[in-house]
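Each of the next two complexes has chain A plus one other chain: chain B in the first, chain C in the second.
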Partner chain A sequence: MSDSVIVVGAGLAGLTAALLARSRGLEVRIIAEGRGSLSLSHGCVDVWRDGPLSGAAGDLSPHHPLRRAGSAGMQAALDEFLTLIHAAGLPYHAATASPLRLPTATGSIHQTTAAPFSLANGSLDETGPIHIGRIPEIRDFSAGLVASGLRSRGVANVAVVDLPLPPAAAGRDASPQRIASRLDRPSVREALCRDWAPRLRGVRRLGLPALLGLAQPAAVLADLEARLGISLFEIPTLPPSLPGLRLEQSLRRLCTARGIQIVEGPSVRGEVDGRSAGRRASGVVAATAGGPRRFLADSIVLATGGALNGGWLGFASGEVQDSVFGLPLDAPADREQWVTIDPFEPQAFARFGLRVDSRQRPIDPRGRVYFENLFAAGGILAGADRTREGSRQGIDLASAYLAARGIAG
Partner chain B sequence: MTTLSTQVLIIGGGATGLGVAWDACLRSLQVTLVEQGDLGQGTSGRYHGLLHSGARYAISDPASAVDCRRENRILRGIARHTIEPTGGLFLSTPHDPPEYPDRWLAACRAAGVPALEIAAAAALQREPLLTPRLARAFEVDDAALDSFELLHAMARGVVDCGGSVLLRQRLVGLVSRPEGMLARIVSLTDGSVIQIEAAVVVNAAGPYAGSIAAMAGAHLPLALGKGTMVAMASRLTHTVLNRCKPPHDGDIIVPVGTVCILGTTDTPVVSPADLAIEPWEVNLLLAEGQAMIPSLRRHRALRAWAGIRALHRPAAGASETRSLPRSHALIDHRVEDEVPGLVSIIGGKLTTYRKMAEDVVDLVQGRLGGGRPCSTQHTPLPLQSARFYSVGERLRSSPDRAVSEADPILCECEMISRSSLSQAIRASGSADLDDARRDLRLGMGPCQGAFCAYRAAALVAAILPSAPADGGLAGFARERWRGLVPLAWGRGLRQLDLLRRVQLELLGAEAGGDDR
Partner chain C sequence: MTSISSGDPFDAPATHLSFFESDLCVKCNICTAACPVAAATDLFPGPKAVGPQAARFRQPDHPALDPGIGWCSGCGVCSRVCPHQVPVAEMNIVAKAETRVSPREALRDWVISRPEEVARWGRPLRPLLRWLFESAMLRRVAEAWLGLARAAPLPEVAPLPLRALRADLVRTEPPGAGPDSHGCVAYFHGCSTNDYEPWVGKVAIRLLESLGLRVELPPQRCCGLPLQSNRDFAGARRRAGDNLASLHRWAERGIPIVGTSTSCTLALKHEYRAILGLTGPAADAVAENTYDLFEALELVAPPLEHWNLSPLPLRVLYHPPCQLLAHRIGTPALRFLHAIPALEVTVSESECCGVAGTYGLKSERYQVARQVGEQLFAQARQAEADLVLTDSETCRWWIERHTGIPARHPIEILAASLGVDSDRPLPRSARKR
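And then the complex of A and B:
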């Protein structure tokens, strides 16, 4: 029997770690209490906002998760991810020399390393006029803010075009997620194009809120572009964000297709192997509806996420602990130092997490591993303010890659 | 420079200032009110929402208890739409002195404040989250008072009577002349300066009243106290809860809208800007609240904020402000400082604002020569909308059907539709989403603006040409964040991370996005 792995957490880091471990011949099971936070994600791969990682990697603190991967490790992780996501039917476009520059819902410019084609089509490095579609039924996206924001940032030639939804697409509940599902049907796309075509005379490149299909977005995009004869791109909206949901669904489908079981719902507690004098973790105990259930494994990956996801918990007493094994996190005991008064400034709490060794195994302050078969990936890792750095998915992928390699030995 | 003239100039758009303006209008005086921020941006808006029955003060300050009892009844008559008649309970828990309730009950009787003992089991039936270890329980006539509604109703009344309410205008100079007072006012929106001549100036600037008096050469020593409050994300009680013990920090819980508020602490501070909240204050409020609702800590704390109460301190000595009498001080600077045109009104509580205003206008009218009696006690305030909480009620009463594609809900927590938000933005002309928050409770519910702020910013940008490029999103994100910071642990910290990830990572809000 091959070695078995339990991955705790089903966000981008957990799903990727599971798939990469599986492709190294391991038996993998995912156990997740919630669904991760891909529904809050723009769906792109942010590695380093200000440009290629190779320029920044040397300046990072030794405990920064990307420093451990280095730019070569990051590139290898990204390549494996691109292969996976292509296999899952959601091809991504990766930037080469300089980052992709994409519009956001507030009209700012999002610099990123890789994006699904529907978003990458919105690259602001392509010249020529852009139109942003104003869909009055949708409250979670404002074409006006996009256009005025882009103009104030020096993007010329942006106009707004009114595009009310025909009833077949709007339905009774005009949320981007529901509309996206409707657009998976060819008949709805046909109705939409019939209605919109006359309004799109003179439009060559059209930006829309991200709602162009949920199950087969690549096919929906190609079909709409062909029918309308224009180039289309998407801009992520308020959660649930379609590009993030598509990424989640694609990776989950791939997990299932490759024999990775996903156990959903239970919260889990780590179990220490008494026979190894506490050097190893034996598995996890899941609080299932039928009572506690033990899942044993040779290796365990914590992909439980950061503050938002509950990968660690900060208590009123000032203690901060990982939520599965209760490992202490390095954090100031004075709660007042956790958060600063301005969300746009660096936040100490964002850097809380587990420190790991070169194989992604959590280590204590003196550098010793807690358990020789426990690994960590993604938001639970210490040392990075992902929101500020624009490094979230880069860390997820690089650490998942290193963890899978660390397990495979 | 424009020079306006008025009989009475009132400084401060809180409950006291507006109360004075409304009372003076009803006595046919010509009034102008100047406020440096928005209505209720100061102490009146940073308040726990309790309309006192008087029972709280029965022992410590019987005169205030009598005032509260009387004003409570008057306000129920003239401002019904701002009051939710929740009733109140005084609870003696095992943490409280067992001999206190009898002494307190006798004091309530002496002050004429109704207080009725009920069985502990009956209190538990009414509020199931209460501690089962209740020793005794008493019903009183407390209620929840929406101060923003009250202030808006008075401002509307003043304007309808021909008075002026000038917002975002700051007093920068005040001179006493033989013929009256001359005030210099700067607009905080466009920097323009006007002068206002007034026979009498009423200084109702709360914590700023000392510096206002100083401009005119008058002396007004104040004791400032910071009161911190914490809003819990759900309405854990439908009745105002009071600890039956001597007044102390953290002894009340008030249901307000969809949330409930734990109040308050009392710390001496030096400046009106000392609003920073310290961890011990939040810990104390949660711990004290837990004595009444043991499961309190399992619920999410939503937000913390602080207000500054100003009390008159005639003699030196930095004592705790809670032990100073809460009753108000009316200072005639003609007597004290030979500034005949200046009157200051300090202290008091929201429950008794009307009585304070009556005293002020009696004095002012004496100065101006006139003999009309006060009529605020039986003149209903202009009706605004009433928005009290009950499941389904707001959906039913919403004139614009809530689930309508033509008029979607933009703020789900507080059920604010697109049409009502655009109405508010058009009416105020303000691109500041924080003003819409005070008008409609935008972003005050569990999401704290993580989701609704973007939709609201888009609407502001569409309506107002003067709006910043991001519709004010960055500024509102900062403002909401500030109130979450003192509660940044456990689920509060998760909420902070959510707000930051949605707004900065997903929507791309940028620090300078609201620069004009």
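And then the complex of A and C:
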């Protein structure tokens, strides 16, 4: 049996590419070596850290993934994402004119383009006093660090309020994920509010580590705000990070509901269509529990990620190849040049990746496509240092959008 | 009760999982975030903590076990979601086999890990067994004395096993090479279909025959998975050895081995090699030639548009068992279910129904197992499903008990739509709409 599209990878780029291809009427299958790493992420959409993309897109190198999308393409991709995530029951707030400024768990300020409402509520551009909740049961979040960090960055009026958890919410192991699941239950929320209400006199806006519900976060947030009579916002924590986990679960649920098959677990190797004189890819061979199994498709999208996600492999010989088709990446043969010793300096390997044409198809150094029906999206693309640029999710969404359009033709 | 004489060739330590595999773990917590047991109880520290993290402190003669590992149900979600191919579940199952249990639990586990023997001895006593299983008082006694959860569903032994019902297909030798092997399929029924649900096997065989395939029943016995899950690796290896000795002769002829029980086929594909350490050409040939029934249909059946599927106006919830997802082939049944006209299919959003084979039968685990399944039970009720469809028998028994909704194998509904006869038609109540 054969699908119209196989997407390799289940991170933000893969899930989005699959959903956008599906919404264009195509039969889609996702194959992923393990789960994507969205649960390690803050759950926001960073498009361009330093301001609106419209100001920067023109200055980017011609091979930068966002240059290809342009600010109009980026906006269209973001709009489609917002529609999807709204349909999945996890509405996001987008601020395209000037970035949202949100507090982080270390007290720094995270500039981003779109965020779930529970995070966007923490916008530092809103005036008025803020309190950060100190929950002693939680090991990996320091309210004092957040408050002092924000103050040192010029945010006035930040205070800390002690908020121990009632036993019903804390349980035996107070990890944010476990607390979030407990808060999905109204009885636990009631117990929490009973304990917290007297401690919150005079508090108008309260920031908490992200733990306000897992299955129904929008309902949990609204319910707690109504019961406590204050405005609440969340700050992402160490993994598992609830905002990232919610985004992952929402997109996966939407995939399943829309008839996208997800094959989770096997690593894959690309296969060339023997009847096409090497011009087309026929699909992938997956290392399933029993043995190699073939999955065929008309089009294949590589959404395998970058250096940290398994999208490419670097060899002692100095060769760097994508991990599915073994396509050579644009990288210096001298391995000494891959990294800089100072970890805070720009790293050459961050820009390794596949160059693509206007339809997101990987191309060789002379600009010819490797395969007519092979597409790429997300971290596997060359030419961007996504961490330094603050462009990670912007590239994921824009390239997923261009790939889905490229496939649909 | 897992006493094995020393020098038993099957009683080798599980050395094939090296300590180095824990070094592949980058502690990203993706497995912990996905673990259905950790989500259900704080008592389980999660797969990362008891697996790759604790493995660094384990030595062959110092297992150094956190008793928390006993909460692992073996559902395998952690290994499947791991982006670094750390065999988390496999490590935990091997480590768990070293845990000590009370004599009471050991006796109970000895019994529940031998479904084949229970059926053999119990078949002549069927009426008595049924009465025993249904008597609330006796179930209370079994819970108190044996630790067998009184509310857990127990299957009924069928009057005749599949191998008797389809004695015409029983073979001791594979067909000759060449044209004799062409269009031939070896059916691995496992003990559960053979002894407890022979109608599933019968309808699967009829469906395969209706596609022009010739089905054979090679010599086989229980896959050994219940023994493996209950710490008796030596017993599991003996059963595995018998199955490999028989099945590899079919596999080497290139004859697909097809099963309807996803945990049994997973044992053939994966556990024999990865957990029991039975490596070699026979194990590889069997693993590579074993297919879940729907996986096989995708390969051998004509394209779906050529199927003459009649409408089934039913609302169903399809739950792919954790043991099927561990095959790493996705959910091949779904494409067939979506093709049945008028069938309304909702797909489960749960990683596991909770029972995980024999885990939910244990009184000390029952509440947690049930909690694991709560989200699934709620989804089935909310969807107002006429039927729950799921590929594993223990999941069917468990889900049916906790939702009151009849649970069937997806092949039964595909057969109904194809007009293939079944001994057990779809429930009448479900046909009203």
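Just so it is clear, the second predicted complex is superposed on the first by the 405 of 409 C-alpha atoms of A that agree within 3 Å, B and C clash if a C-alpha of one lies under 4 Å from a C-alpha of the other, contacts with A are read in each partner's own complex, and residues count from 1 in each chain.
In the analysis below, a residue touches a chain if its C-beta (ideal position, glycine included) is under 8 Å from a C-beta of that chain, and two chains touch if they have at least 3 such contacts.
For clarity, every value in this text was computed on a predicted model and none was experimentally measured.
In the overlay built on the shared chain, the residue A:Ser71 is in contact with neither chain B nor chain C.
Contacts of A:Ser37 after superposition: both chain B and chain C are touched. With both structures placed on the common chain, the touch criterion links A:Gly310 to chain B and to chain C.
Applying the stated contact rule after C-alpha superposition, one finds that A:Gln393 touches neither chain B nor chain C. Touched residues of chain A were counted for both chain B and chain C, and B has more of them. Applying the stated contact rule after C-alpha superposition, one finds that A:Ser118 touches neither chain B nor chain C. Of the two partner chains placed by the overlay, only chain C lies in contact with A:Leu245; chain B stays clear of it. Legend: residue contacts after superposition of the two complexes on their common chain; A:Thr288 is shown touching chain C, with no touch to chain B. Within the superposed three-chain model, A:Ser108 lies in touch with chain B and out of touch with chain C [touch as defined at top]. In the superposition on the C-alpha atoms of chain A, the part of chain A touched by chain B in one complex and by chain C in the other spans residues 37, 40, 172, 239, 310. Chain A contributes residues 1, 29, 31, 33-37, 39-40, 171-173, 177-178, 181, 239-240, 245, 253, 256-257, 259, 261-267, 286-293, 309-310 to its touches with chain C in the complex.
Contacts from chain C toward chain A in the complex involve residues 28-30, 32-34, 38-39, 42-43, 45, 79-85, 266, 268-270, 284, 287-291, 295, 298, 303-304, 325-331, 334-335, 338, 347, 349.
Chain B meets chain A in the complex at residues 278-279, 283, 286, 405, 408, 410, 418, 451, 454-455, 457-458, 461-462, 469-471, 473-474, 477-478, 481-482, 485, 488-490, 493-494, 496-511, 513. Note for the complex: chain A touches chain B at residues 37, 40-42, 46, 104-110, 137, 139-140, 142, 144-145, 148-149, 152, 170, 172, 174, 236, 238-239, 241, 306-308, 310, 313-316, 335-336, 338-344, 347, 349-350, 386-388, 390, 392.
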